[in-house]
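Here's the structure, in structure tokens; my notes come after.
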Amino acid sequence: MGIKTREQYLNSLRNMSPNIYKFGELIEDVTTHPATKRVVESHAMNFDASNDLELEKIYTTKSSFTGDKIHRWNSMMQSSDDLIANMKLKRQNFRRTGSCTGGVCVGWNAFNVMWAVTKEIDEEYGSKLQERLKNWILHAQKEGLTVAGALTDAKGDRSLKPSKQTDLDANLRTIEVKEKGIIIHGAKLMIAGTAASQEIFILPGGSYREEDKDFAIACVVPRDIEGLTIIEATRPSDRRDLESSSGYEVPDTGATQGLLFFENVFVPNDRVFMAGEYKYTSNLIQYFTANYRACIGACVSGQGDVMVGASTLMARANGLSSKTFMDKLINMSINNQVNYGLGAGACALGTKHTSGSFFADPQTAHTNKVMVSTLPYETKRLTQEIGGGIVETGCMPSYKDFTNPEYGELIKKYYKAGNCSAETRYKIARLSEWLTIGGGVPGCMHGGGSPDGARLVVRFTTPFEEYVDYAKKIMKIDEEVPEPKK
Amino acid sequence: MGIKTREQYLNSLRNMSPNIYKFGELIEDVTTHPATKRVVESHAMNFDASNDLELEKIYTTKSSFTGDKIHRWNSMMQSSDDLIANMKLKRQNFRRTGSCTGGVCVGWNAFNVMWAVTKEIDEEYGSKLQERLKNWILHAQKEGLTVAGALTDAKGDRSLKPSKQTDLDANLRTIEVKEKGIIIHGAKLMIAGTAASQEIFILPGGSYREEDKDFAIACVVPRDIEGLTIIEATRPSDRRDLESSSGYEVPDTGATQGLLFFENVFVPNDRVFMAGEYKYTSNLIQYFTANYRACIGACVSGQGDVMVGASTLMARANGLSSKTFMDKLINMSINNQVNYGLGAGACALGTKHTSGSFFADPQTAHTNKVMVSTLPYETKRLTQEIGGGIVETGCMPSYKDFTNPEYGELIKKYYKAGNCSAETRYKIARLSEWLTIGGGVPGCMHGGGSPDGARLVVRFTTPFEEYVDYAKKIMKIDEEVPEPKK
Amino acid sequence: MGIKTREQYLNSLRNMSPNIYKFGELIEDVTTHPATKRVVESHAMNFDASNDLELEKIYTTKSSFTGDKIHRWNSMMQSSDDLIANMKLKRQNFRRTGSCTGGVCVGWNAFNVMWAVTKEIDEEYGSKLQERLKNWILHAQKEGLTVAGALTDAKGDRSLKPSKQTDLDANLRTIEVKEKGIIIHGAKLMIAGTAASQEIFILPGGSYREEDKDFAIACVVPRDIEGLTIIEATRPSDRRDLESSSGYEVPDTGATQGLLFFENVFVPNDRVFMAGEYKYTSNLIQYFTANYRACIGACVSGQGDVMVGASTLMARANGLSSKTFMDKLINMSINNQVNYGLGAGACALGTKHTSGSFFADPQTAHTNKVMVSTLPYETKRLTQEIGGGIVETGCMPSYKDFTNPEYGELIKKYYKAGNCSAETRYKIARLSEWLTIGGGVPGCMHGGGSPDGARLVVRFTTPFEEYVDYAKKIMKIDEEVPEPKK
Amino acid sequence: MGIKTREQYLNSLRNMSPNIYKFGELIEDVTTHPATKRVVESHAMNFDASNDLELEKIYTTKSSFTGDKIHRWNSMMQSSDDLIANMKLKRQNFRRTGSCTGGVCVGWNAFNVMWAVTKEIDEEYGSKLQERLKNWILHAQKEGLTVAGALTDAKGDRSLKPSKQTDLDANLRTIEVKEKGIIIHGAKLMIAGTAASQEIFILPGGSYREEDKDFAIACVVPRDIEGLTIIEATRPSDRRDLESSSGYEVPDTGATQGLLFFENVFVPNDRVFMAGEYKYTSNLIQYFTANYRACIGACVSGQGDVMVGASTLMARANGLSSKTFMDKLINMSINNQVNYGLGAGACALGTKHTSGSFFADPQTAHTNKVMVSTLPYETKRLTQEIGGGIVETGCMPSYKDFTNPEYGELIKKYYKAGNCSAETRYKIARLSEWLTIGGGVPGCMHGGGSPDGARLVVRFTTPFEEYVDYAKKIMKIDEEVPEPKK
């Protein structure tokens, strides 16, 4: 059965070998350690949803291979509607957690992209990579796995290709090809949600030429594979997570970004889907970013929905009608819907690959990436504007002070404002703060790549000379008007 | 055969009775008079496209009734893809004409909306309105008609309902119900493209209650029906259209907006699809605006494409590489693709009516309306920034001066700049001017209704209380936080 | 006496030789010809103001040379307050005319800039240029002259320096130095307000090196000097100006932009203030743009004030309370005040030249230029949003139709909306149209140079390395962090 | 001597009684405790500057009373230049500390405002309040005091006036008037920089009527006055401040916001400058906000300068040329200069009070407040865009991990990118993070009041009817066009 429960999921995580560190400490149980339990909880809620009568239509679907019911995030995406279903799941996730569920996001996209890429490779080389991949997908569907994904390499000197780096480890590479598998070495940085994942799908971080073929690696590994060490990054407000009173200052959900160090990791052949076929890295990146940047609009709109909710509440907790801020709330809703609707448009304008995979329209998807790196910032600004000073700069004491036996009552006395207790006002203000300058801030700027990269794609997908011809025809201009020679 | 040629179309227009005025003059032949020939040319190009091997896939389709090949603008829209096909046609139109082809836009949407509304009415009243409509649609498909649409009434005092106006004619109304038809009286204002149309589809301009049932009118009339007088409005640069040298200052294409005065116009029953069924005006407006505001993104993106082309050309004509302005050109392209992709998203997120008609998602469509009333202004601003002073404020002499026997050569001498003749530079600059502050400016602000109206729809389609609940659940807040009592 | 009346001014214009053309026609009397009477009226109103008890404090001042009362636009600007007084006059001008009074703008700045530049030249060369200039200023003050200014050359191929152009006339140049004066030849393009001016102050259009010294020309000539031909440019709506009913469609005020062709024009030495001293063209341009771009904020804010007024009126004429649009009106007012206040800030942060002239702070002034090329576009967009469709795309008939004996009454019947006559509503809508897409659109984008030029100045006045040091000190970073070598 | 040294200042703080708490702990020595030492260091740097040959011209001036050299922040502001000098100091402060020096900001403005208000009161009541104030100012100048200021009350239910609150303490109030002074009770919230101050100047938080006269209080108290308890608020990243490795993650400078609880605090008469004169609270608020909101542009531009510096560095540390991001850096610089120049404009357009105090122009100052709550958000967004993922979401491990004996070297290996060590790259990324989503985020949204409050002032200082008249005159409209009656 492809549908797992929260408990099955948590048990599975508990059974893994510890290899994640934060603040110098090895995390023995990711499901209870304060540094990782929030990201795990965010993903555990996906399993709740898969088993919820109302939400299961979003969170589950049928396997295109077996017809079995499976978690949606383990499914093939083979139509515009499948991509939009991905978006719906993501928006819902953010609405319920206020944060990123990175452990069911990159990996999902990765195996769908590889479905197309392995077909292309197989067609040239007569290999059987797609079949390998299919076997792994069937396994993932059956086990209901949460599969993180990893693309970004350490990169080293940005002006040099991987094979020209002083330190060749700056990009993850194959250091040895063995009969039964490959040995990989290097790092993947800024990887979301691994603490909540059971496996990690690895893709190359760029588009490579022949001299860089050792870096053309796609494979999938258990999160606790031997030789892999994960260090969780620190975010502005994550020390709060460690405190006993954290439930009042920080939600029970959350996200993580981590550093993955691979030291001589052996990956058996049946989990390797690209190892040297550099020619296909370019398509791989194109397919991946098109889908990823189409669907990312759903993440930020989902978090935007929570900001709309938090701001509405915040107004009331401050003793004001939320209608006072209706113009701003409408603007927030518009921002959310631009990012979401434009993502859906990228899906609707997409094309089907011969393998059956469906890819969003690149120009629209990358346009949305630019919007995703702009509009949520305005939404956050409005959240702070509506919320007042206690949201903007955390003009509130810690929960430790709030409950201090000596002066805690004084604080509560003076923080009472609207039709609710000082404590409720406190929690809402902390939520707005967390969403806008705390740990809830999602990586909408660089997650999935930089906006400048997206602008480049827009540039190269805009047919400037065709547009020049329209202008000339409209004015009946026959003369050539060339670029100046310089 | 439902596909007509340019000549058939022009002949049909020539055969109509003259009832259009401009500058105090009755226009005898709309196909040659300088006040209307540009809008006719814009629509004649649709017929060229329908008969063009490459463009016919955009401009034609099969009738869902007969299976015959018909002009796309005469077709039923019954899926997300049908709506997106509408958008593709619109974008293409603007690319080729630089302007609005209003004569194939509102009417097309109108009969599709009425397909659903007549079904709803028939179901309640047992009437046969949908069949009537079907007959007319078959006629339109067979004749390959260009059908304008008319919604906006004169309205009079905005604070009063139609039946409370001092002058009841302020909204088009039924003044008599006869056995064979109805007699209507009043005006429809700001109606696009009627001079290029053969028929005009009339819809009610608002959502009405019982006391206003006389204003609940949907019907279709020949453009030259007895009792109808049309006055074309004047735009900033349309006096140029009248001059013999106009081809150098103004494109051969263009748009019109007109005033329609109905004086005791008799409409026979087989062309009447609503006459008093006020209860359905609300749905009618909802369906209409959802589709209209989804697809309008295609218009402004098509014109934006021409602005990108004109600006690229303008840079070169000024002697500069267009790459100098690449950042601005990319921003323009992004603006275009937001409006287009968001429209496509509204289509993709739409729903199918039981009648078979397909309607775009209101929240996304109205969000796009807000974007459509914002982003093209920035695109125009960038067109002026790239083009230089000669574009912005028309710092160029008239074509009459440009060709003046005495000093015309001096002008040409001094207007030569880039790798092209002074005349070509002149024409490109005029195009950019026309697109940004001349007759080419489309009604992206109020066409299809005001942005504030759209914001209201966004407000009422945003589930604020649901979002409040997400925020509360995330922070485990159980307490009620009501709006202040005031 | 340095204060002239409207009549004295108009008489002076009437006494000049005709050398201005438009639409192929020589304009005999600029004060009555429909192509120029509006710009003359705009400037005549300055003389009214100078003789008005309330406005004279803005429009007049005392000569720093003689102590006599003079028109403010003939005065020296030698303090921050003097520059701000310039701004106040400009804002007031726009408020009363809705348009540009270019004939008292560039010339005023030009002689103040040359006051500093001639001092610098005199100090190096021992010349007496400043004294020459003083004599001319005394003459201008005494006669109360309206002095236009001309900088922009035709330029030809932008990638080549003036002396490298195929056609050397592409930039105005000295073709012969005679004992009593110089002979100049070439063109100045896009020159504002010359039809309303008595003299034209000429400055070089760029910063030149030795090989281009023939182009380093500063001098002042009567507008009707022998050898000078002026062609007025055409703007989108200026054919309306020619019609007898123009008063209803277009204000009585207005602006012009013209082409100035100099053919072997002799300028006597006492009117020449730079002829070859190329080394000082760089300072000249710097001084000029700093002051010009500081004060230009006052122009656009003044016109913005009229847009606020027109929009308030328009709401009422449409039958709506202006309070409905209060948020938008406040945004418009904020835009106006940013441009005005930032200009005032540039003045306040300016510096005094050793000559006594006062120059605005370049970084702030050029920052304002960028704002001036952005914010008024948003103000115009809001004017169109508030005004409704009849403002945006001129969805109103011509005045000729409005008063047509046959159907004019019908038009009036249907255009009545608010608490005013249809005619008043008509005029307000035309004003809003004229301000936003008609002849009232000021050259806020390229007037005084391009925004990209301003961005360059911001770049070179921002001390990046100093800011890097602040960042390093804050984090106690000692290590060098150089730019990558490539 | 009015100029103190860093050591004198720190000693003075050390000699005060402890009354500040954070995280449940009483802070014994604010100069060394990790929760307060950063804000103290920020202010100590002011004393360094006052004694620095280059900076003293910004940080010191002459007393208008005694002619003695004093710290600038103890001086009277009696001209536009004095206000601009305030701005220069603030920009410089932010450049050197990256953060707010609230302890020399509100208090400085407060006593200057009271200089005017006490004169007004004295004139009506024949009191000698201004003389009292003068004595205190002389004392502050002589001792070189750092004087924080406190306006914002707890407020309670925003819909009720102070005297109508259930809990009268919701606004600070006089609970008893004694012969030698007054006894005050209540709270002031969100008060900046008190931990670094020696005294706190208290002003009323609103404009009051007679029934609220008990809340009309202006006085000044030592920070450690009996009955006053201060609780420091917590910001997202301030737990980092407490760690031993904090120097690598957080600057040595910083800001604090605190809660001030006054319990039966006795203030002797010679320190009371308003106690019940409610009529003058309205002027007081007007004067205060005009100056405060003019000068606040200098704070955010100073911090913006640091963001420009950090971003330039960040690009290099990532191995890229900062020129790659030149467009973004120029936009950041423009944002900074708009806020700064517009503030200077508000000063330049200000007016002199009969008391000698000088107040900025309200319309311009409040316009700047709106800009200050908008532009820095864009500057922060650009800082994150340039910086890459490690800046945006803190995709970097803690310093504890960075130096971990087991895997620290691995982290450093993979974080090396540009021409600098991994450690330097780490620190710069932390700085950018701190500036944009960490403790360095200044209160530019609500500091000095909400932007909506500022918009209200813009509304009431915009003469809409005067602008309506301009529009009417331009179109020669005589008819009245009233607001609709409703």
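A, B, C and D are the chain letters, set down in written order, and residue numbers restart from 1 in every chain.
Methods note: a residue touches a chain if its C-beta (ideal position, glycine included) is under 8 Å from a C-beta of that chain, and two chains touch if they have at least 3 such contacts.
On a predicted model such as this, the values are computed, not experimentally measured, just so you know.
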Repeat of the B-C interface, chosen from A-D, C-D or A-C (over half of contact pairs identical by residue number): A-D
Between chain B and chain A, distance of the C-alpha-averaged centres to the nearest whole Å: 39
Rounded Å distance between chain A and chain D, as computed from the means of their C-alpha atoms: 38
Distance from chain D to chain B - Cα centre to Cα centre, in angstrom: 52
Where chain C touches two or more other chains, by residue: 159, 319-320, 418, 484
Topology of the chain contact graph, where touching chains are joined (line, ring, star, complete, other): complete
Touching residues (chain side chain B, partner chain D) in the complex: 159, 327, 484, 486
Residues of chain D defined as touching chain C within the complex: 80, 84, 95-98, 247, 251-253, 305-306, 308-310, 312-313, 316-317, 319-323, 326, 329-330, 333-334, 337-338, 340-349, 361, 363-364, 367-368, 370-371, 418-421, 424, 427-428, 430-431, 455, 458-459, 462, 464, 466-477, 479-484, 486
For the chain A and chain D complex, residues of the former touching the latter: 21-24, 152, 154-159, 167, 169-170, 187, 189-190, 229, 231-237, 239-240, 257, 259, 261, 318-320, 373-374, 377-378, 380-381, 384-385, 388-390, 392-398, 400-401, 404, 407, 410-411, 413-418, 433, 437-439, 441-443, 445-447, 450-452
